[in-house]
Amino acid sequence: MVKEVVYSQHVEFGDCDPARIVWFPNFFRWIDAASRHFFLQCGVPPWHETEQTLGIIGTPLVDTHAKFIRTASYGDLLQIHTTVAEWRGKSFVQRYRVTRRDELIMECDEVRIFAGRRDGEATGIRALTIPHGIRALCE
Amino acid sequence: MVKEVVYSQHVEFGDCDPARIVWFPNFFRWIDAASRHFFLQCGVPPWHETEQTLGIIGTPLVDTHAKFIRTASYGDLLQIHTTVAEWRGKSFVQRYRVTRRDELIMECDEVRIFAGRRDGEATGIRALTIPHGIRALCE
Amino acid sequence: MVKEVVYSQHVEFGDCDPARIVWFPNFFRWIDAASRHFFLQCGVPPWHETEQTLGIIGTPLVDTHAKFIRTASYGDLLQIHTTVAEWRGKSFVQRYRVTRRDELIMECDEVRIFAGRRDGEATGIRALTIPHGIRALCE
Amino acid sequence: MVKEVVYSQHVEFGDCDPARIVWFPNFFRWIDAASRHFFLQCGVPPWHETEQTLGIIGTPLVDTHAKFIRTASYGDLLQIHTTVAEWRGKSFVQRYRVTRRDELIMECDEVRIFAGRRDGEATGIRALTIPHGIRALCE
(Lines give C-alpha, C1' and ligand atoms only; values in the text may rest on other atoms or scores of the structure.)
Protein backbone atom coordinates (compact mmCIF):
# COMPACT_ATOMS: atom_id res chain seq x y z
CA MET A 1 0.00 0.00 0.00
CA VAL A 2 1.29 3.43 -0.88
CA LYS A 3 0.23 6.58 0.91
CA GLU A 4 -2.40 8.60 -0.91
CA VAL A 5 -3.23 12.20 -0.09
CA VAL A 6 -6.33 13.87 -1.52
CA TYR A 7 -6.35 17.59 -2.26
CA SER A 8 -9.59 19.42 -3.17
CA GLN A 9 -9.79 22.23 -5.66
CA HIS A 10 -12.73 24.42 -6.65
CA VAL A 11 -12.71 25.44 -10.32
CA GLU A 12 -13.22 29.19 -10.66
CA PHE A 13 -14.60 31.37 -13.47
CA GLY A 14 -11.14 32.79 -14.16
CA ASP A 15 -9.65 29.29 -14.46
CA CYS A 16 -11.73 28.78 -17.62
CA ASP A 17 -11.05 30.03 -21.12
CA PRO A 18 -13.38 31.35 -23.82
CA ALA A 19 -14.35 27.73 -24.62
CA ARG A 20 -15.74 27.74 -21.04
CA ILE A 21 -13.51 24.85 -19.94
CA VAL A 22 -10.50 24.82 -17.63
CA TRP A 23 -7.51 26.32 -19.39
CA PHE A 24 -5.09 23.41 -19.08
CA PRO A 25 -2.08 25.19 -17.50
CA ASN A 26 -4.29 25.61 -14.44
CA PHE A 27 -4.31 21.84 -13.94
CA PHE A 28 -0.54 22.04 -13.50
CA ARG A 29 -0.93 24.85 -10.95
CA TRP A 30 -3.27 22.64 -8.93
CA ILE A 31 -1.11 19.54 -9.32
CA ASP A 32 1.87 21.47 -8.03
CA ALA A 33 -0.14 22.48 -4.97
CA ALA A 34 -1.22 18.84 -4.52
CA SER A 35 2.43 17.77 -4.72
CA ARG A 36 3.43 20.11 -1.92
CA HIS A 37 0.41 19.13 0.18
CA PHE A 38 1.35 15.48 -0.19
CA PHE A 39 4.68 16.15 1.49
CA LEU A 40 3.17 18.36 4.18
CA GLN A 41 0.55 15.72 5.01
CA CYS A 42 3.34 13.15 5.26
CA GLY A 43 5.13 15.37 7.77
CA VAL A 44 7.88 16.80 5.55
CA PRO A 45 8.68 20.41 6.58
CA PRO A 46 8.06 23.31 4.18
CA TRP A 47 10.86 24.08 1.70
CA HIS A 48 12.00 27.26 3.44
CA GLU A 49 12.83 25.05 6.45
CA THR A 50 14.45 22.23 4.46
CA GLU A 51 16.58 24.84 2.70
CA GLN A 52 18.17 25.59 6.07
CA THR A 53 18.41 22.02 7.30
CA LEU A 54 18.98 19.85 4.22
CA GLY A 55 19.74 22.32 1.45
CA ILE A 56 16.49 21.33 -0.30
CA ILE A 57 14.81 24.30 -2.00
CA GLY A 58 11.91 22.40 -3.55
CA THR A 59 10.98 19.52 -5.84
CA PRO A 60 11.16 20.84 -9.41
CA LEU A 61 10.03 18.79 -12.38
CA VAL A 62 12.25 16.84 -14.71
CA ASP A 63 9.49 15.28 -16.79
CA THR A 64 5.71 15.30 -16.85
CA HIS A 65 3.20 13.27 -18.80
CA ALA A 66 -0.49 14.12 -18.55
CA LYS A 67 -3.67 12.77 -20.14
CA PHE A 68 -6.79 14.88 -20.30
CA ILE A 69 -9.86 12.65 -20.25
CA ARG A 70 -12.85 14.90 -19.50
CA THR A 71 -13.29 18.65 -19.42
CA ALA A 72 -14.05 20.56 -16.24
CA SER A 73 -15.63 23.95 -15.80
CA TYR A 74 -16.28 26.53 -13.10
CA GLY A 75 -18.44 25.36 -10.25
CA ASP A 76 -16.81 21.92 -10.35
CA LEU A 77 -15.15 20.55 -7.25
CA LEU A 78 -12.13 18.42 -8.15
CA GLN A 79 -10.21 15.91 -6.06
CA ILE A 80 -6.53 15.37 -6.75
CA HIS A 81 -5.35 11.95 -5.53
CA THR A 82 -1.59 12.01 -5.07
CA THR A 83 0.86 9.15 -4.52
CA VAL A 84 4.54 8.49 -5.06
CA ALA A 85 4.54 5.68 -7.61
CA GLU A 86 8.30 5.07 -7.57
CA TRP A 87 11.37 6.12 -5.62
CA ARG A 88 14.68 6.27 -7.49
CA GLY A 89 18.12 7.32 -6.23
CA LYS A 90 17.92 11.00 -7.12
CA SER A 91 14.38 11.31 -8.41
CA PHE A 92 10.86 10.03 -7.82
CA VAL A 93 7.64 9.58 -9.76
CA GLN A 94 4.67 11.45 -8.34
CA ARG A 95 1.29 10.33 -9.67
CA TYR A 96 -1.96 12.30 -9.76
CA ARG A 97 -5.52 11.31 -10.55
CA VAL A 98 -7.90 14.25 -10.81
CA THR A 99 -11.52 13.28 -10.31
CA ARG A 100 -14.94 14.94 -10.11
CA ARG A 101 -16.91 12.61 -7.89
CA ASP A 102 -16.47 9.25 -9.69
CA GLU A 103 -15.39 10.66 -13.05
CA LEU A 104 -11.72 10.72 -14.05
CA ILE A 105 -10.86 14.19 -15.41
CA MET A 106 -7.11 13.94 -15.99
CA GLU A 107 -4.12 11.96 -14.81
CA CYS A 108 -0.48 12.81 -14.66
CA ASP A 109 2.89 11.19 -13.91
CA GLU A 110 5.71 13.50 -12.97
CA VAL A 111 9.40 12.85 -12.41
CA ARG A 112 10.63 15.27 -9.77
CA ILE A 113 13.89 15.76 -7.91
CA PHE A 114 14.78 17.15 -4.52
CA ALA A 115 16.77 20.16 -5.63
CA GLY A 116 19.66 22.00 -4.02
CA ARG A 117 21.32 25.17 -5.11
CA ARG A 118 24.46 24.86 -7.26
CA ASP A 119 27.43 26.45 -5.49
CA GLY A 120 27.77 30.12 -6.26
CA GLU A 121 24.84 30.24 -8.67
CA ALA A 122 21.72 32.36 -8.20
CA THR A 123 19.37 30.15 -10.17
CA GLY A 124 21.19 26.88 -11.00
CA ILE A 125 19.91 23.76 -9.26
CA ARG A 126 21.07 20.16 -8.88
CA ALA A 127 19.44 16.89 -7.87
CA LEU A 128 20.21 15.75 -4.33
CA THR A 129 20.18 12.15 -3.14
CA ILE A 130 16.75 11.68 -1.61
CA PRO A 131 17.15 11.76 2.19
CA HIS A 132 16.11 8.49 3.88
CA GLY A 133 14.16 10.47 6.47
CA ILE A 134 11.97 12.12 3.87
CA ARG A 135 11.35 8.91 1.99
CA ALA A 136 10.43 7.12 5.22
CA LEU A 137 7.83 9.79 6.02
CA CYS A 138 6.18 9.35 2.62
CA GLU A 139 5.99 5.57 2.39
CA MET B 1 10.35 19.95 -44.41
CA VAL B 2 7.73 20.87 -41.84
CA LYS B 3 6.76 24.44 -41.09
CA GLU B 4 8.34 25.88 -37.96
CA VAL B 5 7.12 29.01 -36.23
CA VAL B 6 9.20 30.69 -33.52
CA TYR B 7 7.54 32.56 -30.68
CA SER B 8 9.55 34.72 -28.28
CA GLN B 9 8.81 35.04 -24.59
CA HIS B 10 10.42 37.21 -21.93
CA VAL B 11 10.57 35.60 -18.50
CA GLU B 12 9.23 37.96 -15.85
CA PHE B 13 9.85 38.27 -12.09
CA GLY B 14 6.34 37.02 -11.35
CA ASP B 15 6.85 33.95 -13.53
CA CYS B 16 9.44 32.71 -11.04
CA ASP B 17 8.91 31.02 -7.71
CA PRO B 18 10.73 31.33 -4.38
CA ALA B 19 13.49 29.06 -5.80
CA ARG B 20 14.01 31.95 -8.27
CA ILE B 21 13.33 29.74 -11.32
CA VAL B 22 10.36 29.65 -13.68
CA TRP B 23 7.41 28.03 -11.96
CA PHE B 24 6.71 25.22 -14.42
CA PRO B 25 2.99 25.81 -15.12
CA ASN B 26 4.09 29.04 -16.79
CA PHE B 27 5.88 27.01 -19.48
CA PHE B 28 2.49 25.57 -20.40
CA ARG B 29 0.98 29.05 -20.57
CA TRP B 30 3.66 30.06 -23.04
CA ILE B 31 3.43 26.86 -25.04
CA ASP B 32 -0.30 27.37 -25.42
CA ALA B 33 0.35 30.86 -26.78
CA ALA B 34 2.97 29.42 -29.14
CA SER B 35 0.44 26.83 -30.34
CA ARG B 36 -2.08 29.51 -31.24
CA HIS B 37 0.57 31.68 -32.88
CA PHE B 38 1.64 28.73 -35.01
CA PHE B 39 -1.84 28.53 -36.51
CA LEU B 40 -2.13 32.29 -36.93
CA GLN B 41 1.24 32.44 -38.70
CA CYS B 42 0.08 29.63 -40.99
CA GLY B 43 -3.01 31.66 -41.87
CA VAL B 44 -5.64 29.84 -39.80
CA PRO B 45 -8.30 32.31 -38.53
CA PRO B 46 -8.74 32.94 -34.80
CA TRP B 47 -11.03 30.54 -32.96
CA HIS B 48 -13.91 33.00 -32.54
CA GLU B 49 -14.08 33.06 -36.37
CA THR B 50 -13.71 29.30 -36.87
CA GLU B 51 -16.48 28.80 -34.29
CA GLN B 52 -18.83 30.55 -36.73
CA THR B 53 -17.49 28.96 -39.92
CA LEU B 54 -16.34 25.46 -38.98
CA GLY B 55 -17.69 24.92 -35.48
CA ILE B 56 -14.11 24.81 -34.13
CA ILE B 57 -13.83 26.45 -30.70
CA GLY B 58 -10.14 25.76 -30.13
CA THR B 59 -7.49 23.03 -29.96
CA PRO B 60 -7.64 21.57 -26.45
CA LEU B 61 -5.11 19.04 -25.20
CA VAL B 62 -5.62 15.32 -25.02
CA ASP B 63 -2.10 14.42 -23.89
CA THR B 64 1.11 16.27 -23.11
CA HIS B 65 4.63 15.05 -22.39
CA ALA B 66 7.28 17.56 -21.38
CA LYS B 67 10.93 17.29 -20.39
CA PHE B 68 12.59 20.04 -18.38
CA ILE B 69 16.28 20.19 -19.23
CA ARG B 70 17.59 23.51 -17.88
CA THR B 71 16.11 26.10 -15.56
CA ALA B 72 15.22 29.60 -16.71
CA SER B 73 14.81 32.75 -14.66
CA TYR B 74 13.59 36.31 -15.04
CA GLY B 75 15.48 38.40 -17.53
CA ASP B 76 15.80 35.40 -19.87
CA LEU B 77 14.48 35.64 -23.40
CA LEU B 78 13.14 32.29 -24.58
CA GLN B 79 12.37 31.08 -28.09
CA ILE B 80 9.62 28.50 -28.57
CA HIS B 81 10.08 26.56 -31.82
CA THR B 82 6.76 25.02 -32.84
CA THR B 83 5.97 22.40 -35.47
CA VAL B 84 3.26 19.84 -36.12
CA ALA B 85 5.14 16.54 -35.89
CA GLU B 86 2.23 14.35 -36.98
CA TRP B 87 -1.29 14.66 -38.40
CA ARG B 88 -3.82 11.99 -37.49
CA GLY B 89 -7.48 11.72 -38.45
CA LYS B 90 -8.98 13.56 -35.48
CA SER B 91 -5.86 14.71 -33.65
CA PHE B 92 -2.35 16.01 -34.25
CA VAL B 93 0.96 16.13 -32.43
CA GLN B 94 2.31 19.62 -31.83
CA ARG B 95 5.99 19.75 -30.87
CA TYR B 96 7.80 22.53 -28.97
CA ARG B 97 11.45 23.17 -28.30
CA VAL B 98 12.08 26.00 -25.87
CA THR B 99 15.57 27.48 -26.17
CA ARG B 100 17.61 30.33 -24.67
CA ARG B 101 20.03 31.20 -27.46
CA ASP B 102 21.63 27.80 -28.20
CA GLU B 103 20.62 26.08 -24.95
CA LEU B 104 17.67 23.71 -24.83
CA ILE B 105 15.49 24.60 -21.82
CA MET B 106 12.53 22.26 -22.24
CA GLU B 107 10.75 20.28 -24.91
CA CYS B 108 7.20 19.11 -25.17
CA ASP B 109 5.00 16.92 -27.37
CA GLU B 110 1.28 17.53 -27.19
CA VAL B 111 -1.64 15.65 -28.71
CA ARG B 112 -4.37 18.17 -29.48
CA ILE B 113 -7.74 18.02 -31.21
CA PHE B 114 -9.81 20.50 -33.14
CA ALA B 115 -12.77 20.70 -30.82
CA GLY B 116 -16.43 21.42 -31.46
CA ARG B 117 -19.21 21.87 -28.98
CA ARG B 118 -21.33 18.84 -28.12
CA ASP B 119 -24.96 19.46 -29.05
CA GLY B 120 -26.90 21.07 -26.28
CA GLU B 121 -24.02 21.11 -23.81
CA ALA B 122 -22.53 24.23 -22.28
CA THR B 123 -19.06 22.82 -21.68
CA GLY B 124 -18.85 19.40 -23.36
CA ILE B 125 -16.55 19.15 -26.40
CA ARG B 126 -15.84 16.57 -29.11
CA ALA B 127 -13.02 16.00 -31.59
CA LEU B 128 -13.76 17.07 -35.16
CA THR B 129 -12.19 15.59 -38.26
CA ILE B 130 -9.33 17.94 -39.10
CA PRO B 131 -10.42 20.11 -42.04
CA HIS B 132 -8.24 19.64 -45.15
CA GLY B 133 -8.06 23.39 -45.56
CA ILE B 134 -6.52 23.90 -42.13
CA ARG B 135 -4.03 21.06 -42.55
CA ALA B 136 -2.99 22.40 -45.97
CA LEU B 137 -2.24 25.81 -44.45
CA CYS B 138 0.02 24.26 -41.80
CA GLU B 139 2.09 21.88 -43.92
CA MET C 1 -26.25 44.64 8.81
CA VAL C 2 -24.84 43.66 5.44
CA LYS C 3 -24.28 40.07 4.44
CA GLU C 4 -20.68 38.92 4.75
CA VAL C 5 -19.34 35.77 3.11
CA VAL C 6 -15.93 34.38 4.07
CA TYR C 7 -13.83 32.54 1.51
CA SER C 8 -10.67 30.64 2.54
CA GLN C 9 -7.55 30.45 0.42
CA HIS C 10 -4.32 28.53 0.98
CA VAL C 11 -1.23 30.31 -0.29
CA GLU C 12 0.86 27.98 -2.44
CA PHE C 13 4.57 27.89 -3.31
CA GLY C 14 3.82 28.89 -6.88
CA ASP C 15 1.78 31.90 -5.73
CA CYS C 16 4.98 33.45 -4.37
CA ASP C 17 7.72 35.25 -6.25
CA PRO C 18 11.50 35.25 -5.85
CA ALA C 19 11.08 37.63 -2.88
CA ARG C 20 9.21 34.68 -1.28
CA ILE C 21 6.01 36.68 -0.83
CA VAL C 22 2.68 36.43 -2.65
CA TRP C 23 3.00 37.92 -6.12
CA PHE C 24 0.26 40.56 -5.92
CA PRO C 25 -1.77 39.65 -9.06
CA ASN C 26 -2.64 36.44 -7.23
CA PHE C 27 -4.58 38.46 -4.64
CA PHE C 28 -6.83 39.61 -7.47
CA ARG C 29 -7.33 36.02 -8.62
CA TRP C 30 -8.48 35.10 -5.12
CA ILE C 31 -10.64 38.18 -4.73
CA ASP C 32 -12.37 37.37 -7.99
CA ALA C 33 -13.13 33.88 -6.70
CA ALA C 34 -14.39 35.41 -3.44
CA SER C 35 -16.66 37.73 -5.42
CA ARG C 36 -18.26 34.83 -7.26
CA HIS C 37 -18.60 32.80 -4.06
CA PHE C 38 -20.34 35.71 -2.40
CA PHE C 39 -23.08 35.58 -5.03
CA LEU C 40 -23.31 31.80 -4.95
CA GLN C 41 -23.62 31.80 -1.15
CA CYS C 42 -26.38 34.39 -1.47
CA GLY C 43 -28.25 32.10 -3.86
CA VAL C 44 -27.49 33.82 -7.16
CA PRO C 45 -27.17 31.22 -9.96
CA PRO C 46 -23.86 30.73 -11.83
CA TRP C 47 -23.21 33.06 -14.77
CA HIS C 48 -23.79 30.42 -17.43
CA GLU C 49 -27.36 30.16 -16.11
CA THR C 50 -27.94 33.90 -15.75
CA GLU C 51 -26.68 34.32 -19.32
CA GLN C 52 -29.68 32.28 -20.43
CA THR C 53 -32.22 33.80 -18.05
CA LEU C 54 -31.17 37.43 -17.53
CA GLY C 55 -28.51 38.04 -20.16
CA ILE C 56 -25.90 38.47 -17.40
CA ILE C 57 -22.52 37.03 -18.40
CA GLY C 58 -20.63 38.01 -15.27
CA THR C 59 -19.65 40.93 -13.04
CA PRO C 60 -16.58 42.56 -14.62
CA LEU C 61 -14.65 45.33 -12.91
CA VAL C 62 -14.94 48.99 -13.62
CA ASP C 63 -12.61 50.21 -10.89
CA THR C 64 -10.52 48.64 -8.16
CA HIS C 65 -8.60 50.14 -5.27
CA ALA C 66 -6.45 47.90 -3.08
CA LYS C 67 -4.16 48.47 -0.12
CA PHE C 68 -1.48 45.95 0.75
CA ILE C 69 -0.82 46.04 4.49
CA ARG C 70 1.16 42.90 5.32
CA THR C 71 2.92 40.30 3.17
CA ALA C 72 1.78 36.70 2.99
CA SER C 73 3.73 33.63 1.97
CA TYR C 74 3.16 29.98 1.17
CA GLY C 75 1.75 27.93 3.97
CA ASP C 76 -0.48 30.82 5.04
CA LEU C 77 -4.22 30.32 5.21
CA LEU C 78 -6.07 33.50 4.28
CA GLN C 79 -9.68 34.49 4.86
CA ILE C 80 -11.37 36.82 2.41
CA HIS C 81 -14.33 38.64 4.00
CA THR C 82 -16.66 39.88 1.27
CA THR C 83 -19.56 42.30 1.44
CA VAL C 84 -21.41 44.62 -0.92
CA ALA C 85 -20.71 48.06 0.53
CA GLU C 86 -22.99 49.98 -1.82
CA TRP C 87 -25.63 49.34 -4.47
CA ARG C 88 -25.98 51.86 -7.29
CA GLY C 89 -28.26 51.81 -10.30
CA LYS C 90 -25.98 50.01 -12.71
CA SER C 91 -23.01 49.19 -10.53
CA PHE C 92 -22.12 48.13 -7.01
CA VAL C 93 -19.15 48.33 -4.66
CA GLN C 94 -17.82 44.98 -3.50
CA ARG C 95 -15.51 45.16 -0.48
CA TYR C 96 -12.88 42.62 0.60
CA ARG C 97 -10.80 42.28 3.74
CA VAL C 98 -8.12 39.62 3.51
CA THR C 99 -6.94 38.39 6.89
CA ARG C 100 -4.58 35.78 8.33
CA ARG C 101 -6.12 34.96 11.66
CA ASP C 102 -6.45 38.42 13.27
CA GLU C 103 -3.97 40.21 11.00
CA LEU C 104 -5.17 42.37 8.12
CA ILE C 105 -3.18 41.47 4.97
CA MET C 106 -4.88 43.56 2.30
CA GLU C 107 -8.18 45.27 1.62
CA CYS C 108 -9.86 46.16 -1.61
CA ASP C 109 -12.90 48.08 -2.88
CA GLU C 110 -14.12 47.19 -6.34
CA VAL C 111 -16.77 48.77 -8.52
CA ARG C 112 -18.36 46.03 -10.61
CA ILE C 113 -21.25 45.86 -13.03
CA PHE C 114 -23.65 43.14 -14.05
CA ALA C 115 -22.64 42.81 -17.69
CA GLY C 116 -24.59 41.81 -20.76
CA ARG C 117 -23.36 41.28 -24.28
CA ARG C 118 -23.61 44.18 -26.72
CA ASP C 119 -25.82 43.25 -29.63
CA GLY C 120 -23.90 41.60 -32.43
CA GLU C 121 -20.52 41.89 -30.74
CA ALA C 122 -18.31 38.96 -29.78
CA THR C 123 -16.52 40.67 -26.92
CA GLY C 124 -18.24 44.01 -26.23
CA ILE C 125 -20.15 44.28 -22.95
CA ARG C 126 -22.54 46.79 -21.37
CA ALA C 127 -23.79 47.47 -17.84
CA LEU C 128 -27.26 46.16 -17.08
CA THR C 129 -29.62 47.61 -14.49
CA ILE C 130 -29.12 45.44 -11.43
CA PRO C 131 -32.07 43.06 -11.18
CA HIS C 132 -34.12 43.54 -7.99
CA GLY C 133 -34.16 39.79 -7.48
CA ILE C 134 -30.39 39.56 -7.37
CA ARG C 135 -30.03 42.55 -5.07
CA ALA C 136 -32.66 41.15 -2.72
CA LEU C 137 -30.73 37.87 -2.44
CA CYS C 138 -27.54 39.70 -1.49
CA GLU C 139 -28.86 42.13 1.11
CA MET D 1 9.17 65.83 -18.93
CA VAL D 2 9.05 62.48 -17.24
CA LYS D 3 10.52 59.36 -18.79
CA GLU D 4 7.97 57.06 -20.39
CA VAL D 5 8.67 53.45 -21.31
CA VAL D 6 6.27 51.50 -23.52
CA TYR D 7 5.86 47.76 -23.07
CA SER D 8 3.90 45.66 -25.60
CA GLN D 9 1.74 42.73 -24.68
CA HIS D 10 -0.17 40.29 -26.88
CA VAL D 11 -3.43 39.09 -25.37
CA GLU D 12 -3.68 35.30 -25.53
CA PHE D 13 -6.63 32.92 -25.60
CA GLY D 14 -5.83 31.70 -22.10
CA ASP D 15 -5.79 35.28 -20.76
CA CYS D 16 -9.52 35.50 -21.46
CA ASP D 17 -12.38 34.13 -19.43
CA PRO D 18 -15.69 32.52 -20.43
CA ALA D 19 -17.05 36.03 -21.17
CA ARG D 20 -14.31 36.08 -23.85
CA ILE D 21 -12.62 39.17 -22.40
CA VAL D 22 -9.35 39.53 -20.52
CA TRP D 23 -9.70 38.17 -17.03
CA PHE D 24 -8.69 41.27 -15.05
CA PRO D 25 -5.96 39.79 -12.81
CA ASN D 26 -3.97 39.36 -16.03
CA PHE D 27 -3.80 43.14 -16.42
CA PHE D 28 -1.92 43.22 -13.12
CA ARG D 29 0.48 40.53 -14.34
CA TRP D 30 1.28 42.67 -17.37
CA ILE D 31 1.53 45.89 -15.39
CA ASP D 32 3.99 44.23 -13.05
CA ALA D 33 6.12 43.24 -16.05
CA ALA D 34 5.84 46.78 -17.41
CA SER D 35 6.99 48.13 -14.03
CA ARG D 36 10.12 46.00 -14.10
CA HIS D 37 10.82 46.85 -17.75
CA PHE D 38 10.57 50.52 -16.89
CA PHE D 39 13.46 50.18 -14.45
CA LEU D 40 15.50 48.00 -16.79
CA GLN D 41 15.06 50.47 -19.64
CA CYS D 42 16.19 53.24 -17.31
CA GLY D 43 19.34 51.27 -16.53
CA VAL D 44 18.46 49.94 -13.07
CA PRO D 45 20.00 46.47 -12.55
CA PRO D 46 17.75 43.41 -12.04
CA TRP D 47 16.60 42.73 -8.47
CA HIS D 48 18.88 39.73 -7.92
CA GLU D 49 21.80 42.14 -8.43
CA THR D 50 20.39 44.98 -6.33
CA GLU D 51 19.78 42.44 -3.55
CA GLN D 52 23.56 41.96 -3.37
CA THR D 53 24.53 45.62 -3.81
CA LEU D 54 21.76 47.67 -2.20
CA GLY D 55 19.67 45.13 -0.29
CA ILE D 56 16.73 45.80 -2.64
CA ILE D 57 14.73 42.65 -3.37
CA GLY D 58 12.06 44.25 -5.55
CA THR D 59 9.39 46.94 -5.64
CA PRO D 60 6.27 45.47 -4.02
CA LEU D 61 2.94 47.29 -3.99
CA VAL D 62 1.53 49.28 -1.15
CA ASP D 63 -1.56 50.55 -2.94
CA THR D 64 -3.07 50.23 -6.40
CA HIS D 65 -5.98 51.98 -8.05
CA ALA D 66 -7.11 50.87 -11.51
CA LYS D 67 -9.89 51.92 -13.85
CA PHE D 68 -11.10 49.58 -16.57
CA ILE D 69 -12.41 51.57 -19.50
CA ARG D 70 -12.70 49.17 -22.44
CA THR D 71 -12.52 45.39 -22.69
CA ALA D 72 -9.75 43.59 -24.54
CA SER D 73 -9.71 40.11 -26.00
CA TYR D 74 -7.29 37.62 -27.51
CA GLY D 75 -5.60 38.75 -30.66
CA ASP D 76 -5.31 42.30 -29.29
CA LEU D 77 -1.91 43.93 -29.04
CA LEU D 78 -1.73 46.24 -26.04
CA GLN D 79 0.76 48.98 -25.22
CA ILE D 80 1.50 49.77 -21.60
CA HIS D 81 2.83 53.30 -21.15
CA THR D 82 4.71 53.56 -17.87
CA THR D 83 5.96 56.59 -15.98
CA VAL D 84 6.82 57.49 -12.41
CA ALA D 85 4.28 60.18 -11.56
CA GLU D 86 5.72 61.05 -8.15
CA TRP D 87 8.76 60.32 -6.01
CA ARG D 88 8.34 60.33 -2.24
CA GLY D 89 10.90 59.60 0.46
CA LYS D 90 10.27 55.87 0.82
CA SER D 91 7.73 55.25 -1.92
CA PHE D 92 6.84 56.29 -5.46
CA VAL D 93 3.78 56.39 -7.67
CA GLN D 94 4.08 54.39 -10.87
CA ARG D 95 1.46 55.22 -13.50
CA TYR D 96 0.27 53.01 -16.36
CA ARG D 97 -1.90 53.69 -19.36
CA VAL D 98 -2.85 50.57 -21.32
CA THR D 99 -3.87 51.31 -24.89
CA ARG D 100 -4.88 49.41 -28.03
CA ARG D 101 -3.74 51.70 -30.83
CA ASP D 102 -5.49 54.99 -29.87
CA GLU D 103 -8.06 53.49 -27.50
CA LEU D 104 -7.56 53.65 -23.74
CA ILE D 105 -8.23 50.21 -22.24
CA MET D 106 -7.33 50.71 -18.60
CA GLU D 107 -5.23 52.95 -16.41
CA CYS D 108 -3.63 52.38 -13.07
CA ASP D 109 -1.74 54.26 -10.36
CA GLU D 110 0.35 52.20 -8.01
CA VAL D 111 2.25 53.15 -4.87
CA ARG D 112 5.34 50.97 -4.64
CA ILE D 113 8.33 50.79 -2.35
CA PHE D 114 11.89 49.64 -2.78
CA ALA D 115 11.85 46.74 -0.37
CA GLY D 116 14.58 45.19 1.73
CA ARG D 117 14.44 42.12 3.89
CA ARG D 118 13.67 42.54 7.58
CA ASP D 119 16.56 41.25 9.68
CA GLY D 120 16.25 37.59 10.48
CA GLU D 121 12.90 37.15 8.74
CA ALA D 122 12.29 34.83 5.80
CA THR D 123 9.38 36.76 4.28
CA GLY D 124 9.10 40.08 6.12
CA ILE D 125 10.00 43.21 4.12
CA ARG D 126 10.52 46.91 4.88
CA ALA D 127 10.59 50.09 2.79
CA LEU D 128 14.06 51.45 2.07
CA THR D 129 14.88 55.09 1.40
CA ILE D 130 14.94 55.36 -2.38
CA PRO D 131 18.59 55.49 -3.48
CA HIS D 132 19.51 58.74 -5.26
CA GLY D 133 21.29 56.74 -7.95
CA ILE D 134 18.16 54.82 -8.87
CA ARG D 135 15.96 57.90 -8.87
CA ALA D 136 18.45 59.76 -11.08
CA LEU D 137 18.37 56.95 -13.64
CA CYS D 138 14.58 57.10 -13.84
CA GLU D 139 14.03 60.85 -14.11
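Per-chain numbering from 1; labels A, B, C and D assigned in written order.
As a convention for this text, contacts are C-beta pairs under 8 Å (C-beta built on N, C-alpha and C of every residue); 3 or more make two chains touch, one makes a residue touch a chain.
Quick caveat, the model's predicted, so the values are computed rather than measured.
Colleague: Starting at chain B, figure out the least number of steps needed to reach chain D through touching chains.
Modeller: 1
Colleague: Return the chain pair with more inter-chain C-beta contacts, choosing between A-C and B-C.
Modeller: Pair with the higher count of C-beta contacts: A-C.
Colleague: Where the centres are mean C-alpha positions, what is the separation of chain B from chain C, in Å?
Modeller: 31
Colleague: Just give me the whole-number Å value for how far the CA centre of chain C lies from that of chain D.
Modeller: Spacing between the chain centres: roughly 22 Å.
Colleague: Between chain A and chain C, what distance separates the C-alpha centroids? Give it in angstrom.
Modeller: Result: the chain centres lie 28 Å from each other.
Colleague: Two or more other chains in contact with one residue: find those residues in chain C.
Modeller: 13-14, 17-18, 20, 23, 25, 29, 32, 47-48, 58, 73-74, 122-123
Colleague: Chain D touches which residues of chain A in the complex?
Modeller: Residue list for chain A touching chain D: 13-14, 16-18, 20, 23, 25, 48, 74, 122-123.
Colleague: Can you name the residues of chain C that touch chain A in the complex?
Modeller: 10, 12-14, 20, 29, 32-33, 36, 46-48, 58, 73-75
Colleague: Quick one: which bits of chain B touch chain A in the complex? Just the residue numbers, please.
Modeller: Chain B residues touching chain A: 17-21, 23-26, 28-29, 32, 47-48, 57-58, 60-68, 71, 73, 115, 122-125.
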